[in-house]
Structures are given as structure tokens and as C-alpha cells.
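For reference, chains read A, B, C and D in written order, and residue numbers begin at 1 within each chain.
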């Protein structure tokens, strides 16, 4: 149990996917201009990430390893994720139009989001078992949501500010990200007493 | 557009990282040392040139293009993923320390928007030779960009410049001269964000100035007329 | 025509996938051996810093929190050095360290092989700059000055190494491996002497049993069955001693030691130069703890055997 | 003042009041800082001089450092205005801009946060981060998300902490002697206890520095301006009297820290009132309460928001101080709360105008739950009650 808590906390804060692993920077810069879109993107990422990580994990351990063709993992994972996003999109459209309305427009962006395949690959290289994998993926996704949401709040404020012209857009966003990264590194000891 | 223009546009005018803001993830993650940035550049050049070449080869054949068209994105992905996996295996076999330090970002070349973007936007509609030149230009443009970031970061973070293996320049004497020691922050994630942010801002400022100049020139020409 | 388009496109994709898969299989075939070799080289690269690995037989033992590399001498396959590669929780991620320990428990060196700490803490670790007062002997460690949490990781690694080094050199290394079935042999006096020729009497002593073989009421031979604690379990040995105090033969009848040690004992591979005269012992090379047991048995016998033949048994 | 008239919340009210323009606010703020500056000069300079340990010029050094901080931040901001706005870069418009953006304040506060042995160049880097990165790049005064001085302090603490403790300042001659006046801070000693898990007591925490009265007066080691609760209180009363700040924000913040540390103290077996008192008198709690969380730009502007902000801040300060491995919890918790000032401000404004209806209600309930969780976690984690939870967790594992 305590190892799961440790995995969850470090996935959420210490190994935060955006601020320390540099995955999913494109949506971080691109979609975080408004609070609502940040929320939508965050939930869509959690949703797709959980499904794709579970499927790729099962595929890897029960097919690729069995047949000794682990070197095909990149190509298999990317195809699976692309097909999966497609399927989720059609399924959502039919099954739950309201959910589709909320997440739908972010789904196509997700295929080329390196966070999804990145986490799928990290789950393999970290040698997690299935439960650990689910917890890790869940909290990586929550960390993504958390950071992109607080980031969007700041972006909304920055939009009205007379930021120097050269710094408008991505540069100031990156500087804010740097400050966030520094703040996040200071959370280290908060969970130490558990282990 | 001449071949030279085609080649150079990737490096300057349409630089994927500095102008189009594509491929941010690897440019933040692997720029801790010049060596890593060089290794990443090699991998990207290899994948990009070959994928552009192969895709344009497929698409320039009309019959094949007609067949491929409905499934072209999966086809691109398969081609790119294959090339990436080949790079990964070769690097693992022959440059193992580099492979270890680039880690997950080698397989992630697959989702690097630059490569898929160029396949769709350029290679699918141009001749193989042009596509190779375009791919080379774009990949080198990306390489130059991450090299700049990595020089900035490695120098400020450690005072060294690691070109390849043992080939390392110790520039700490500059820090000694300033009576400070290197700022370790720049090897950290925060330093990555701050470096890229400032470099992008400088580039934005420079290009804004140049545009202003151009507008002024145009105005001046008009006034003279 | 139009209906077929989707199917044909699918076939194109499939064939492309097949081609790519075959290509990858081919490249994999070419590189797989080199990748394995390189991985191995990388693993031992760090050890090269301390020892010249060409001179040793290498063995890896994977534990939960790290790996122990065993460097055995090539001539008599004794453990010469142990290199511990252990992980411990650092401030951010795990800190991984190599600690090289010699047979006499002196520390050859240590180095941090992986850390991802924040600057100030991290840099101190990488430069081995944490003021570790390294004693000659692993049993005495001094505290580490410097950054708190990370050095806690370093401290934890050193503590663990110091705790297990001694027992590792003495055979505890293989404790974590599965234990084989105990080696149990049905040994009787008949294996040494023809029991029909003698009157056999059994005497229980503290450490085991002595069979007294008498001929015409004279003690001709004694067969000691002594058991002493080995590393993992008791070791039982039959030692047959003649009247002139020469050793007829000895057989290990029961041992339950781990692979590498147990087999040595069963095969009598401990190079025990038994002198004709029991009073002179030679040392046993080979596994330490187990052979300690063997040596212990012999010393018990040597201590009492003269007395036994002289009639001490009848008291 | 035109820039603030267009709905910039912080100064709408104040600038409407008669005779309360930017200049008077700045003047009042500087007057409020005066006791702190003077005490810091007395403690780090005059007292050491009177003891005969440093010469006259070295005595001026603390004052010099503080003024240097203000001067540097004005200069940097001036250069920034000169470079970015080419059209009106004459002296007059720049100096007008400098006064309207309170250019001198971040530098002075920054200098007051840093310890006496800070080298001048570190101060320079810190003021650069504070004024240029923390303030001007975000659009200048009124738009910054993070408290500039605090940002400078946090980043310098993150990157250059080694230089602050290693170096002896400009007048290196007094390095050793200053150590005895600014040695290990109380919180540094406290951190050793929480790291090793040993019990602490009045004798180990307070007695090395005399008694709690010394903590109140401020003759203990620490940052230049943060040690003296007395001087800070005088400044705070002045600011409240002049209606520059609201009295309840500092009171709620300090109160939260006080009560939480009291509860934690009782749980670890220190029921004395000294422990919570010690808690609020050490580190930057007092200084932050009066001069930083009342800052109008980076904290919520309406009363409800201010109360929520102060409550969260106090809890997080205790959390970082007792659970995290940061002996000083104030800076990290405040810079973290700077981010959340934005939603707190928005939603508390909604609640204030529309009452507890959607969406204010949902936000309030989420906030309440988070608050309860943080408070519970802080108390549980501080007294290491993990063992008390073990049986529950074990049952969970079995299931």
C-alpha cells in the first residue's frame, strides 16, 4: 500500500509529467489559454491515457514478450493508440454525446501527444505490475490536469497584462513553467514519513 | 523555389522549433549537454530524411498513391515508427551511453510533430529529391535549434561543453573570472524552461525588429516613388 | 471498384506493416548480440574503476534493492571482492551507488552511479563530495556531513553494505537463493570397515555418536559421527580413525548448504589435507563457513581421539 | 494613475479616496518598513560596532545592503523602461513610471529577507529576478502573478544558497564576527529535530537564544528584517492605521499558524503555550503577515478571498514547516498560494455578489474539502500518526 502511495505522490508531483519529464508540452503551451479547454484537455488525456496504458501494458506482457518481439513495441504502441483514439471518438459520439461534446475536440490532438505513448513506454521501462501501472498512469494524468489547469488560470491573467511584446505567448508561458517547476521541486519531503 | 532555398528555409525561415514551436518536448529534455543534442540531431536527421524520401517515393507513384490515400496517416506512422525503431536499435548497439541518456525520447521521435507534419505537408506532394532536401533542412534546423539551447544550458549549468565522448571543453575559467561558479539550476527542468523561454523571446524580438526594418524600407521605397 | 478501395487500402497497409516488421526483425537479428554485449559491458564498466575485471570470474546476484557483483579469483574461485550496487530513496528519485569492498572488509571505493537530485544536494553527491569519513573497515562508518535527505540515501546504502559485507564474504551471499534439497547420504560403518570383523558399540557424546570397533576387546577403529552447525543447517560427518590415529576416510553424510558451498562439501572438495596424523591439520581452502564446520568437526575429533583410544571412552 | 482607473481592482478604491494617491501609499509603506530597517541596522551593525568587533564603515553595511536592494531594483526597472519603450525614454516619463510601479519596494523587501552575509552580486541577481522576471515580464506592476521579492528570494535560495551561507559579504573582514550575530537560525535547529525524529523541548529550541522575549524583540539570528516581531508590529499598526492594509489578513494568518502548531505541539507532548508562540516568532511568519500577504496585487482583493487566502496560507506554512523538509515554510507556501489567489479572488467575488449559489457554491465546497484534507494531513503527518493508520491500511491490503 505504501509503495502505491509513494508511486502516486511521485507521479503527481515529483515526476510531474510536464514539469520534470517534459512530456505533453505541446498541449501545455497550446491548449492552456482558457480554463475550460485546459480542463477538457486534462480529462481527455486522463481518459485516453488510462485506456491506452492498460491495453499497451497487456499487449506488451502477453503478446510481445511471449513471441519475443519486444523490439516492435514502438510501432505497435503508436498504432494501437492511434486506432484507440479513433475508436474512442466514434464510440463516444454514439454512446455519450454530452461527454463527446466535452472531450471530443481534444481527442484528435491526443494521438500526436507524446504524453500518451510516453507513459505507455515508461510503464514498461519502470517494470510496474498491473496495479502499480494503473495507479502511476492515473496520477500522471492527474498531475497533467493539475498543472495545465493552474497554468491556464495564470495564462488568463497574463492575456490581459501588457507583457513585453517579445515575451508574449510561448516565452512567458515557459518562464511561468520554470517557476512552477521550482515550486514543485520543493514538495519533496511532504510524503517522506510514509516510507 | 531553388534547391538552396528549399534547404535553407528549414534552418531559418521555417525553423521547426524557433518559428513553428514544434518538437518542444525533446528540445527541453535532451538539451542538458551538447552531446545529447548532437545525438538527437543525428537520429532526427536519419528518420526525417528517410521518411520524407520513402513517403514521397510512395506518393509520387500515382497508382500507389491512389491506394494509399485513404490510409495515408497510418502508412506514414508505420514508416516513421519503423525508421525510429531502426535508429533505436542501432544506437543501442553502437552508441550505448548516448542511448541511455536520451532514453525514452528516442522512441518518442515517432510522435514528433515535425516529422509527421513534413510528411503530410511536403513529402506527399513533392518529388523524392526535393523531399530529401526538405527533410535534411528541417532536421538540421531542429538540430541547430536544440544545439543552441544545449550550449546555453550546458555552459551555464556546468561550465563545460561536451561535444562527443571525451571531447570536452572546460570553459569554467570564464566563471572563475566572474568569481562565481556555474548555476546548477540550468541542468534542472526549471533551467530548461527558462533557457528556451529566453531564447524564444530573443528570437521574437530580433525578428520583430527585422520586420519593422523591412516595413520601413518598403515605406521608404514608396515615399521615394 | 469503389467498394474494393477500402479493402485494397487495408491490404496495402497490411503488406507495408509486414515489410516493416520483417525489416525490423532483420535489423534486430543484426544488432541483438551486440546490444547484449554492450549492455553487459556498460554494467561492468563501473566496476572497472575499482578492479580489473579480466582477472576475476564474475558473478551477479540480483537482490530486491540492487545487485551484488561477486569477483572470484580465477585460481581457486574464492570470493576476492564484492561490489555492491544498491539503491535507496533519495530526495527526488532513487540514488544508486556502487560500493566496492575487499575481502578484508576494507572499502576499495565508492561512486554514485545514478541520482536525479536538485542542485546543491545532487552536485554534492556526484562529486562524492559528501565528506564521508571512510574508515578502513566497513564496520566503522562515520556520519556524512552535507545535504540531509540524499545523504540519508547514501547513509542507508553504506549501512546496508556494512551490515551484510561480513556475512556475504562468509557465504551469506547465497542466502537469498533457493536452497537445494539437503544432501543426505545413508552412511554406515560398513562404508569404512567390514563390520563383520568387529564388535561394534555405540557411544553417544555431546556432538554426536562414536562407533567403537573392537577386535578381541581392543579398540581397533573409531568412527565419529559428528554434526556441527554450518552456514545454513547442520553438517554431519563420518570420520573413521584408525588405531594409529591416521584417518581412514571421511564422508559428509548430511549437509543443507546453498549451491556453491554445499556441493563443495559433498564432493569433499575442500582440499582438506588430512595428515596421517590427526594432530596436524592443514587449513581448508574453499568456502569459509562450511569449511569452518568441517574444521570444527576435525578439531573435535583431534582433541579427543587419543584419549578415546586410550580408554577414555569407557569412563 | 490612468493605468489603474480602467478597472484594475487593487487601487480602484484607494485611488478614489481623497489624498491617497500612489505617492502617499508608497510613502506610508516605506515609513512602515522604517522600524524594521532601523532594528536590523541596530542588530547587525550598531550593536556589533558597539561591542567593538567591527569598524565604523562596516557598521554601515546592513543599511548599505538594504538601500542597495532598493537602488538596484529602481535602476533595473529604469533600464527596462528605457529599453522597451523607445518612444518616451526621457528621464521624466521614466521616473513617473518608476513611481507608479513602486519600483523601490521589491528591492528593499528582498534585501530584508536575505541574511546579512549575502554578497552584493547575489543581491543583484535576486533583484534582477524579482524586478525583471517576476514583475516586468509579467506586464509590470498590477499584473504580476508572483510576489516579485518573494520570487527573487525563492529562486536565489534554490540556485545560489551556497553563496549566501559561504560568503562574508563585501566587507569580508567581519565575516567571522558576524557569524556570532547571525549564526544557525532557530528554524535550522528545529529542522535538525524534525529530521532525526528526536523530541524537542523548550530547553533545546528556545534556551540557546535566551527566552521568548528575545524572539519578540528580534535579537535572534535570521534574515535582515524578519527577526524582530516588535519592529514589524509597529510597522503593521502604522499600515493599518493609515488604512493601507486590512487588519484581519495578518491576524488570521498568524492565528492559523498559532493554533495549528499548538494542536501539533499537544499531540507530540508539548502542551506549553511557548511552542506555538515560538512558531509564529521564528522565521518569516511575522514579516510575511504584515508586508507580503497584504500586498494588493498577488493576493485576493475582496475580504472573503483574503480570509480564505490567509487560512490556506497558514495551514500550508505549517505543513511545509513540520512535514516537508523545508525548515522555513513561509516562502514556498506563499508563492504557491500566489497561484491560487486568482481563482480564490474570482470565486469569492462571485460568492460575495451572488451569495452561495452555483458556481460559487461548488467552488466553496471543493475548497472546503481541500482545506479539511490539508489540515488533517498536516496534523497527522506532523505527529507521524501513520502507525495509527497501519491497521486500516492492512485491512485494505487484505481485501
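Please note the rule applied: a residue touches a chain if its C-beta (ideal position, glycine included) is under 8 Å from a C-beta of that chain, and two chains touch if they have at least 3 such contacts.
Model, not experiment: these values are computed from the prediction.
Among the remaining chains, D is positioned farthest from chain C, on the basis of C-alpha centroids.
The interface with the greater number of C-beta contacts, when B-D is set against B-C, is B-C. With centres taken as mean Cα positions, chain D sits 42 Å from chain B. Rounded to a whole number, the gap between the C-alpha centres of chain B and chain C is 51 angstrom. Work out the mean CA point of chain C and of chain D, and you get 58 Å between them. Centre-to-centre, using mean CA coordinates, chain A is 34 Å away from chain D. Counting partner chains per residue, chain B has residues 74, 78, 81-82, 85, 89, 184-185, 188, 190 touching two or more of them. Among the residues of chain D, those in touch with two or more other chains are 155, 158-159, 325. Residues of chain A found to touch two or more other chains are 71-72, 75, 164, 167, 172, 175, 179, 182, 185, 188-189, 192.
For chain A in complex with chain D, the residues that touch the partner chain are 1-2, 150, 153-154, 156-158, 160-164, 167, 172, 175-176, 179-180, 182-183, 185-190, 192-194.
Per the touch definition, chain B reaches chain C in the complex via residues 64, 67-71, 74-75, 78-79, 81-82, 85-86, 89-90, 92-94, 96-97, 100, 184-185, 187-188. Taken in their complex, chain A has these residues touching chain C: 10, 14-15, 69, 71-72, 75, 185, 188-189, 192, 195. Contact residues of chain D toward chain A in the complex are 84, 133, 136-140, 143, 145-146, 151, 154-155, 158, 319-320, 323-326, 332, 335-336, 339-340, 342-343, 381, 384, 386, 393-394, 396-397.
By the touch criterion given at the top, residues 19-26, 29, 71-75, 78-79, 82, 111-114, 117-118, 121-122, 125, 164-168, 170-175, 177-179, 181-182, 185 of chain A touch chain B in their complex.
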